[in-house]
Amino acid sequence: MSFLEKLDRLDRRIIFLIIGVAVFVPLLFRVPIKVVQSPIVQDIYEGIQALPEGSIILLSFDYDPSTLAELQPMSEAVIKHCIQKKHKMVFIGLWPQGPKLAQGIMDEMAPRYNLQYGVDYVNLGYKTGGLVVISSLGSAISDPFPTDMNGTPLRELPIFNEVKTLRDFDYVVSMSAGDPGIKHWVMIAKDRFKVPVGGGVTAVSAPAFYAYYNSGQLEGLMGGLRGAAEYETLIDTPGTASYGMSAQNWAHLMIILFIIIGNSTMLILKRRKEKSRVR
Amino acid sequence: MKRLLFTVILISAAFFSLSAQESEGTFTAEDVKYDSGGSVDLAWNLPGLEESQTLEIYRVFNGGEGKIIQSKDLSGRFSDRNLKLKGSYSYVLRVVNEDGTVAKEISAGPVIPGASLFSMKRAIVLAALIIIFYLITHYIRASRRGIEFPIRKIPALESVDEAIGRATEMGKPILFVPGIMDIDDVQTVAGIIILGEVASKTAAYDATLNVPVSRSMVMSTARETVKESYLKAGRPDAFHENMIHYLTDDQFGYVSGVDGIMAREKPAAIFMLGTFYAESLILAETGNSIGAIQIAGTAMPSQLPFFIAACDYTLIGEELYAASAYLSRQPHMLGALKGQDMAKLFIMIILIIGTILTLLFPPVGAWIINVFSNIG
Amino acid sequence: MITAFVAVIMIVAYFVPKPEVSVIRDDLQQWFLIVVTFTMVLGLLNLLFVSLHKARKGRKEDRFYNWVTIVSLLGTMAAGFLKGGINSPAFDFIFNYIYIPLSATIFSLLAFYVASASFRAFRAKSVMATILLITAFIVMMGRVPLGDWVTGWAQGTSLDFLYLPNITNWIMEVMNMAGQRAVLMGAALGLIATGIKIILGIERSYLGGE
Amino acid sequence: MTMTFAGAIGPFLAGVLTLAIFSFLYKDNPVYKFAEHLFVGTSAGYWFIYNVYNIFIPNVWVALHEAEGFRDYLNVVLPVILGVFMLMRLIPSVSWISRWAMAFSVGMTVGFNTITELQTNVLQQIGATLSPFASLHFNNGGLGASVNAIIILLAVLAALVYFFFSKEHTGGYGHIAKVGIWVLMITFGASFGYTVMARISLLIGRVQFLQTDWWVAIKHIIGLG
């Protein structure tokens, strides 16, 4: 059996190993990668950047751990950006697991940046209902959320002296893995209450949201790990997405090489066969 | 003098009425017409609202009061949705001072959020439904009168015979995977119908058929279908119930089960027709690695790429539904397919005419676009 | 009969928002939810019975694993009925440290399968497969920094259209959109036609051939 | 990072299970089988509990307690009866009863899907294809968008032609169908590229978990943390 024939029948475990290494090693050495900006991500960055210091941002965590890999880096990047700009943050979740994921980030960030709960950020928790929750936020935040996640009444939290309804927020960011999610924020917060809406979605669903962006209903959008990595590059603090991006880069490179090798061996072997048949 | 007095009265009256309106403001509540019911449009205009005041609107229903809006806007509109039909709703607008005292109160209503007999915004859907229904039933009737409709070649289905033939020659089994969804999924139904056709061929060629399923209902349906095919082919003796066997309801459990069958039995032909999710790639890759002829079909757009890349023939979307007509050549099936084609033609004509109208008469175009895009 | 009756009610109720009619639609939807829940219970019982059967009478070496299924199934259910229900610490633990890692890892296995399929199965066997592979190629390159490295020189010049991320965006927003639309329309028509056949009673294989 | 011993157990277990699944890549083995069966059991249990709290309790239990009048009761009792019919499938001698429930369920899906598919996937797609033409202009800024709108229209038409079944793909008509299938192939290629990306992201997420949370937990458990 020639080398090419052996290659053609390569044990798939070797391929598995190559992919594993291509993902594992770049992550181990944490080589951040700078990605080129696309306007759709830049727009959401600039929207938050342009707000005056101390603006109030609503961050909605509309995903669960199954899409953590793609969406959590976005949340981290946007939260870091808000902290840099000294914006105040209110977290909610339209998905049951969302607020817990926000909590996880803040448990780490709050002590590091000396943020005070109730003044700099608040976590309101989860409410079922999706669209209905958003529209009742429009009448009064205290309607769907009489207390925060820990059961503290809103009037005891200083942040809500300034914020009473959805309209009082300067920006809504939704990290969204499906329904309910960013689509509903656009429908209610943007279309009805005129609050700018931006956010992030998984790579698979991103193409479907281009239409909202083009029509101006959506300020900007991060799609998948790449979107998160772009945002991290914009705020100049490489995080999990930037490291992940280099792993993604290597894995894609390997897959592309596999396709090329697979096809060229097939072609060469085919030609050889034809030749031997002619003889 | 008189005239002057009159003028003064007139002006002051006007002034008063104006200021009265200014201080009173307007507040209306109206039922939304031709909707699916349950919404009331609220509108307010309060030119006299001061900086320190906020307005609050309450919904009064069944003796209870609930705040629905808090705002500082001088005028605005709001649609109160999700109301109980036939309930009587009133609304109260209060202007509240900073210290919480009520400066003013205007009420509106009562309104009964009714629904009309027919939703205008959905007329287009009804029209489309009637047209499609007409086209399909028309061609089914035509086919029953004996008119024959041709059908184009579908390569994936042309190759069914070849695949079964080859498997028979090699003395190897044929594997049929009907997807992982239950029988109430239309794609599964389409898959089972094709299974019936495949089974009549395996009966004729005397080939071994193996059908692992992941739902008990699919199992019983598939058993009936295959049994019937074997009966019709005159080979009831060749039919065994355990040709069709249940593995597990769980997605990945099912996949590893099917994978195991592929590795052990090395079928020469593999059919994958039905609803597939992430398992499509695993199945197609394994099938490819054992060198089987693979014929796949699904209407799941996200899984089609894997099938097309890794299988020999793939039924794309609508082709899966057309397959049963293609294989069985039953007249009414072919008729329905013709009706479907006519519906497609109709869509294309709308697209072309719509484009031309939009380009030549923008207002007409805007109306058309609105009709298609804003369905209530 | 039941099928056609229910289907027609659903369709009529869509067009007639009169409360007397549309309420039926809402009610039926509620029913459906409940019936579907029972279907799930059915699947669960099926799983339990099959596992129990295999655990007692199956191949010896497989028996243990079927007990694993049964115990984990009952354990998860028990945790869900503890105080706090879906938010109880025990259920949370199972969800966060067993269910999530297992399901995420199982899906991530597909990354490996994509790689091996790209080597062994994705071959330019025909013109169609070639077009598919080339497009996939471009999109994969365009979505990672690789595309920038290879074609970064073209960015901002008159050859801007050759810049891979730009080509990728164009493919996604124009070609992909068009193709998706056609597939959606076609599949929808197929589904509607099957629906009409079911309502008319021409298609009844879903009942298991009568 | 602060972590208690008890808190470390969860991530530690999660990491072990992750590796157990990955071990399948080498070959099928008892550790993988254990993890797989554990997954089948927990996922079935999880979805059961999820349905109990999200459907059964609000729609059956609460609904029954808050029911006022015959109709409300009917709305709970009838579907439950149908549901029980569904379960009859388990008893072979009366399994035919489950066909009624199945008939209902098929009727619902057909009635519901026919309308929603028609509305969202046919009519609204027509609207979306037409709408760019309302603002068509061929000056500098709009040229790209206008050309794209025309390409989308032609591509949709060509791909629809491919789906015609009642005519052979021959002659000029065949050429259009050919363009149609090319459009479809490009579409599938694009979504292929995107899906690959998502799957690898998932893998990256798992590896990152192993390298950070799991590693921290291990260090903690062996007393280094």
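The chains carry the letters A, B, C and D, assigned in the order they are written, with residues numbered from 1 in each.
Everything below uses one rule, namely that a residue touches a chain if its C-beta (ideal position, glycine included) is under 8 Å from a C-beta of that chain, and two chains touch if they have at least 3 such contacts.
Since the model is a prediction, treat every value here as computed from it, not as a measurement.
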| item | value |
| --- | --- |
| Shortest walk length in steps over touching chains, chain B through to chain D | 1 |
| Centroid-based (C-alpha) most distant chain relative to chain A | B |
| Chain pair showing more contacts of the two, C-D and A-C | C-D |
| Approximate Å spacing (C-alpha centroids) for the pair chain C, chain D | 3 |
| Intercentroid distance (Cα basis), chain C paired with chain A, Å | 21 |
| Rounded Å distance between chain A and chain B, as computed from the means of their C-alpha atoms | 28 |
| Distance between the centres, which are taken as Cα means, of chain C and chain B, whole angstrom | 15 |
| Touching two or more other chains - residue numbers and ranges from chain D | 25, 36, 39-40, 43-44, 89, 102, 105-106, 110, 113-115, 118, 122, 128-129, 156, 160, 163, 184-185, 187-189, 191-192, 194-197, 200, 202-203, 205-206 |
| For chain A, residues contacting two or more additional chains | 12, 16, 19-20, 23, 68-69, 203-204, 207, 224, 226, 248, 251-252, 255 |
| Overlap residues in chain C, where contacts from two or more other chains coincide | 11, 14, 39, 42-43, 46-47, 86, 96, 100, 103-104, 106-107, 110-112, 114, 116, 120, 122, 128-129, 132-133, 136-137, 140, 143-144, 172-173, 176-177, 180, 183-187, 189, 191-192, 195-196, 206-208 |
| Of all residues in chain D, those that touch chain C in their complex | 10-11, 13-15, 17-18, 21-22, 24-25, 33-53, 55-56, 59-60, 75-76, 78-80, 82-84, 86-87, 89-90, 99-108, 110-115, 117-118, 121-122, 125, 128-129, 148, 151-152, 155-156, 159-160, 162-163, 180-197, 199-200, 202-203, 205-206, 209 |
| In the complex with chain B, residue positions of chain C that touch it | 11, 14-19, 22-23, 39, 42-43, 46-47, 50, 106-107, 110, 113-114, 116-117, 120-122, 125, 128-129, 132-133, 136, 180, 183-187, 189-197, 200, 202-203, 205-209 |
| In the complex, chain D residues that touch chain B | 28, 36, 39-40, 43-44, 89, 95, 98, 102, 105-106, 109-110, 113-115, 118-119, 122-124, 126-131, 133-134, 136, 153, 156-157, 160-161, 163-169, 184-185, 187-189, 191-192, 195 |
| Complex contact set, residues of chain D against chain A | 1, 25-27, 128, 194-198, 200-208, 211 |
| Residue ranges of chain B in contact with chain C within the complex | 35-37, 85-86, 114-119, 122, 125-126, 129, 132-133, 136-137, 140, 182-184, 186, 189-190, 192-193, 196, 215-217, 220-221, 223-225, 228, 246, 248-250, 252, 278, 281-282, 284-285, 288-289, 299, 301, 304-306, 308-310, 312, 316-318, 320-322, 332, 336-337, 339-340, 343-344, 347 |
